[in-house]
Amino acid sequence: MRFFSDNAAPVHPKVLQAIADANVVDTAYDGDQWSQKLDAAFSELFEREVAVLWVSTGTAANCLGLASMVQPHQGIVCHREAHIEVDECGAPGFYTGGAKLMHLEGEGAKITPEAVEELLGTIRPDVHQVQAAAVSITNATEYGLVYRPNEVAALGELCKSRKLGLHMDGARFANAMATLGCKPADVTWRAGVDVLSFGFAKNGGMNAEALVYFDPEMADAARYRRKRAGHLLSKGRFLAAQLLAFLEDELWLENGRAANAAASIIAGAAQGRLLHPVEANEIFIRLTAAEAAQLRAQGFDFYDWGEGAARLVTSWQHEDVHVRPLADAIAAL
Amino acid sequence: MRFFSDNAAPVHPKVLQAIADANVVDTAYDGDQWSQKLDAAFSELFEREVAVLWVSTGTAANCLGLASMVQPHQGIVCHREAHIEVDECGAPGFYTGGAKLMHLEGEGAKITPEAVEELLGTIRPDVHQVQAAAVSITNATEYGLVYRPNEVAALGELCKSRKLGLHMDGARFANAMATLGCKPADVTWRAGVDVLSFGFAKNGGMNAEALVYFDPEMADAARYRRKRAGHLLSKGRFLAAQLLAFLEDELWLENGRAANAAASIIAGAAQGRLLHPVEANEIFIRLTAAEAAQLRAQGFDFYDWGEGAARLVTSWQHEDVHVRPLADAIAAL
Amino acid sequence: MRFFSDNAAPVHPKVLQAIADANVVDTAYDGDQWSQKLDAAFSELFEREVAVLWVSTGTAANCLGLASMVQPHQGIVCHREAHIEVDECGAPGFYTGGAKLMHLEGEGAKITPEAVEELLGTIRPDVHQVQAAAVSITNATEYGLVYRPNEVAALGELCKSRKLGLHMDGARFANAMATLGCKPADVTWRAGVDVLSFGFAKNGGMNAEALVYFDPEMADAARYRRKRAGHLLSKGRFLAAQLLAFLEDELWLENGRAANAAASIIAGAAQGRLLHPVEANEIFIRLTAAEAAQLRAQGFDFYDWGEGAARLVTSWQHEDVHVRPLADAIAAL
Amino acid sequence: MRFFSDNAAPVHPKVLQAIADANVVDTAYDGDQWSQKLDAAFSELFEREVAVLWVSTGTAANCLGLASMVQPHQGIVCHREAHIEVDECGAPGFYTGGAKLMHLEGEGAKITPEAVEELLGTIRPDVHQVQAAAVSITNATEYGLVYRPNEVAALGELCKSRKLGLHMDGARFANAMATLGCKPADVTWRAGVDVLSFGFAKNGGMNAEALVYFDPEMADAARYRRKRAGHLLSKGRFLAAQLLAFLEDELWLENGRAANAAASIIAGAAQGRLLHPVEANEIFIRLTAAEAAQLRAQGFDFYDWGEGAARLVTSWQHEDVHVRPLADAIAAL
């Protein structure tokens, strides 16, 4: 059983069906009937007018979003282990024309207003130093922690007062929302988020992510940038159809809940080993090499996370019956 | 009936089936079983070792390929109406870090060695002027003409002698090959092409194009650039599966032939109106506004091409029965 | 006698003296007493509040200025023979992050509102094509013609109505002004120019150009971009001192007049040969290879300008006594 | 008396004289007689064939040099307080097209092979992470420490084995050399340095730095990049003349020695306060706010360096008589 990543999971049957259903002749790029419905569908979900661009990857979503907020000579504040910093091969630099990522420490890859303030305080306000223009947070974080609305709002207020944009990398936004139980608006625009990368690929999608602009005007230039980056697919209807399938009957949330529930079962069995609270669908545990070998011998696959630790990720398709054996195996170590 | 673009056509059933068949758990990015088979499959097709990267759009394929050949301070020679010049929103400039496109005229969007030589002759060999480092041609061209192997070879020789890379935008490579009847190798690497954007999206694919490097080492850096551009999809297996489905039993060529055959029927009926010879699946005809209106009233859709002209594009799904009515309608004008 | 370029001329003694006078200990970068006086001095000259940045080259001035007006996915309309297009090795692409130069024809390197309108009319207003965001003109032009205030104003109005920025490359602004006899304001901001590259290096300076922002707020980001481009010299006082020396007693204008007067003498002797009206300090003449050789044998140096033509450029240091022999030699051909 | 920075010092009289002497008509850009002598002059100094480009700032020299060694998707290892990281407003990102700076800690801004190895060990060798392609060190460092030939050679060997370029920021190379007493070759190319930014502006120059390529072929592309960055001054002779004046009778070394000697006097008086060994011309001392005020009241100017500390920098013009009062004042605190 594979617990490498939610990326490895298959596409949800309803999403695959939506793709098949979109296999008709229609206008190219984003002129088709599915793409044309996106703004309205997401506006309803977010309880305000938004503009939505589909793209094929979280990296593209994050970096197009960031490029909307910073000039090449400016900086983006993020956690030292943020995906944009460690897992996108410098994509933010490519998309922004060379903007600088400015790193913060923070438990579980979360950042606080205090830490941001402190970092800002180290920047001399002169032309010799790159000035920050945006903050990027990941919800749920790279370590599976979840920002609460009030935590985001505190960052949002700071950003507002400092004239910084606020971007949320929501590669696992569904998992965060499943935990929070609030409205999507509460933890995004109501809390000061300007742009959200709303991820679906890790949540049962095939290749569609939604880049959500809470200020629709900001999306105008992004449409050109998307084309220029080679991300305006000619048959965009297949991406739009996926997104709409996810919004139908809250499939996105249901999938997020399923993955979280699976993670929770494993976490329950690994209480003494947890390196981080398990608030979404990622479990980081202490695990010796011998223990890891033991689990693998029983058919469980996962990533080592440095020495003496491992990362386990659950996905929408993991049901009780799939994770229980792993939970038992961990408990039995 | 829509003759706007081959982009608008649906996905071929075999390709859709291949996508469905790939819906299993597998390694993320390009570590899956399908992606791992690509190099071998394309190497067989091209009768030499090649390295292949899947990407989601022709723009991404073209621009990653060009970025492998030119530095930011260099130039790319292409036709004034090349797709990279007029339809990619400056993507070559984005991917190369600002390289300059240098335009040539040429009948039907084809360029000749003589024209390239002439342009090169206008560039002062000093640091004040951008020096050309690559030539890009489109086969079939934006006007549906096809470069023969000897025509490409003449350009290839020039490029070799001038130390220029040679890129082929093969968004409609299948259509060109269907007309040429030669080996894919004959019109590509044997004729001096370094990098080929091998298109499938216009030929019955969903969102997969193959960027083919005839020198596999050139692909190493391109893999990083692909990631950096947000084009390394996490579920790349769905792209690789499409490409493999196309290579199976030469589906790609069969589709190209079907589209060309359909175009040929229309061309036959429009002999006196043709603006360019019809060598692939695009037909450019003289058509007054009144005539265009007449055709549209009968349910045929297509693009105007400036004043008094129109573009009609056929696709893999157009059979005799679909295009005959259009041919008759044109003949009856 | 050298008539290659006004670049080759020496530095005016008053400017050299100003450099020597600035050789004291003072604050680094642009914190020194000379740099701090620039805004006021140029504001007086231009009869409105302006912000001025010194830079070392016209290329840097042009490209920093353009980068203030266009995003990477946008375009800059200019003449096909504009310096930014043919003599800056792609610098505009570098500084703007890949913006596209869009070329126009026009007699003597001048462009007209009609030509700009026509070009704009060829751009489809969709994301597949680069949209223009600025127009750049050169005054005096690369062929020594001068835009009159009303000509600039016509372009300025067009730019305003189309929301395009208007940049003036004034590498030979002094020569243009010497001819025009109007106020600097009349042919710049009053006519709709947003940013002016005010050249001094060709006019007796050593290495100082003034980038003039008629909207001082636009200069804020440019200050960061200047640093980022390595153009914030640590001893900026030596650049500022040059600029101030030029403004003192209108030395800049006096030098421009001297160069123009010298050109005028040559032009008078070459009436039948002139390829362009001589309105500034450049003379383009028909000249056979034999005639060119004859002149060179008499000690006159200049550039060939393609076949059967030559370019002669005068500078601030050319007095009657220097150019008369050349004028006579041409008359005697 | 100002001890802010060596940037603030005046131009050495011999250099100013060389500038005045170059005020003749000559070929523009780098075609003049002075520029043409640079390669030979520096080749002699470095005991091997080198290619030298003049530029106006250390930032331009550093970043052109780095751009010769890294592609946009690669990284540059440097100290966290390296000038390229904290004082160039992101210029390396601009010049390289977005390459990433990778930071190391290290006493006095020096880095060790061990630290570089450790950092390299944290980079996963896959396309998701930026791979290092170069190391940049500063000699003398930003804290006035000097790398010995064997220290550089150890880094050079590591770079060679890891296929990394090695760049040396020699903004204060003269100060380092004055301390080392070895041959310039020993601490540069013989120790594995590929490119050196050889600084003169802080050492009595006006606006000239030498970018030295120990592999002359690497300079070819850099010449285009220099033009493209607006750093090819039209009257380059004034830069070349400065550099030649510095090489004449080892003026550069003499100036470095003078500044170091002055620093040494101050250091002697501040023994108990030194935060770093004083090996060049910078002195970092513990100093309370009250003590700082006391010194300033006596007419000594300098920068605070965080709380309770100060930075004092001497320059070529500081003689015993200039620094003795400061030394005495510090001793008397």
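The first chain written gets the first letter, and so on, giving A, B, C and D; residue counts start at 1 in each chain.
Quick note on the criterion: contacts are C-beta pairs under 8 Å (C-beta built on N, C-alpha and C of every residue); 3 or more make two chains touch, one makes a residue touch a chain.
These numbers were taken from a predicted model, which means no experiment stands behind them.
Counting only chains that touch, the fewest steps needed to get from chain B to chain C is 1.
Centroid analysis (C-alpha atoms only) places A farthest from chain C. Contact tally for A-C versus A-B: the pair with more C-beta pairs in contact is A-B. The distance from the centre of chain A to the centre of chain C, with each centre set as the mean of the Cα atoms, comes to 49 Å.
Averaging Cα coordinates per chain places chain A and chain D 42 Å apart. With centres defined as mean CA coordinates, chain B is found 34 Å away from chain A. Chain D has residues 72-73, 88-90, 94, 97, 127-128, 224, 227-228, 232 in contact with two or more other chains. Residues 72-73, 75, 86-90, 93-94, 97-100, 127-130 of chain B are the ones that touch chain C when the two sit in their complex.
Those residues of chain C whose C-beta lies close enough to touch chain D in the complex are 2, 4-5, 7-11, 16, 19-20, 23-29, 55-61, 63, 88-91, 94-95, 201-202, 206-207, 224, 227-235, 238-239.
Those residues of chain D whose C-beta lies close enough to touch chain B in the complex are 71-74, 97, 127-128, 131, 221, 223-228, 232.
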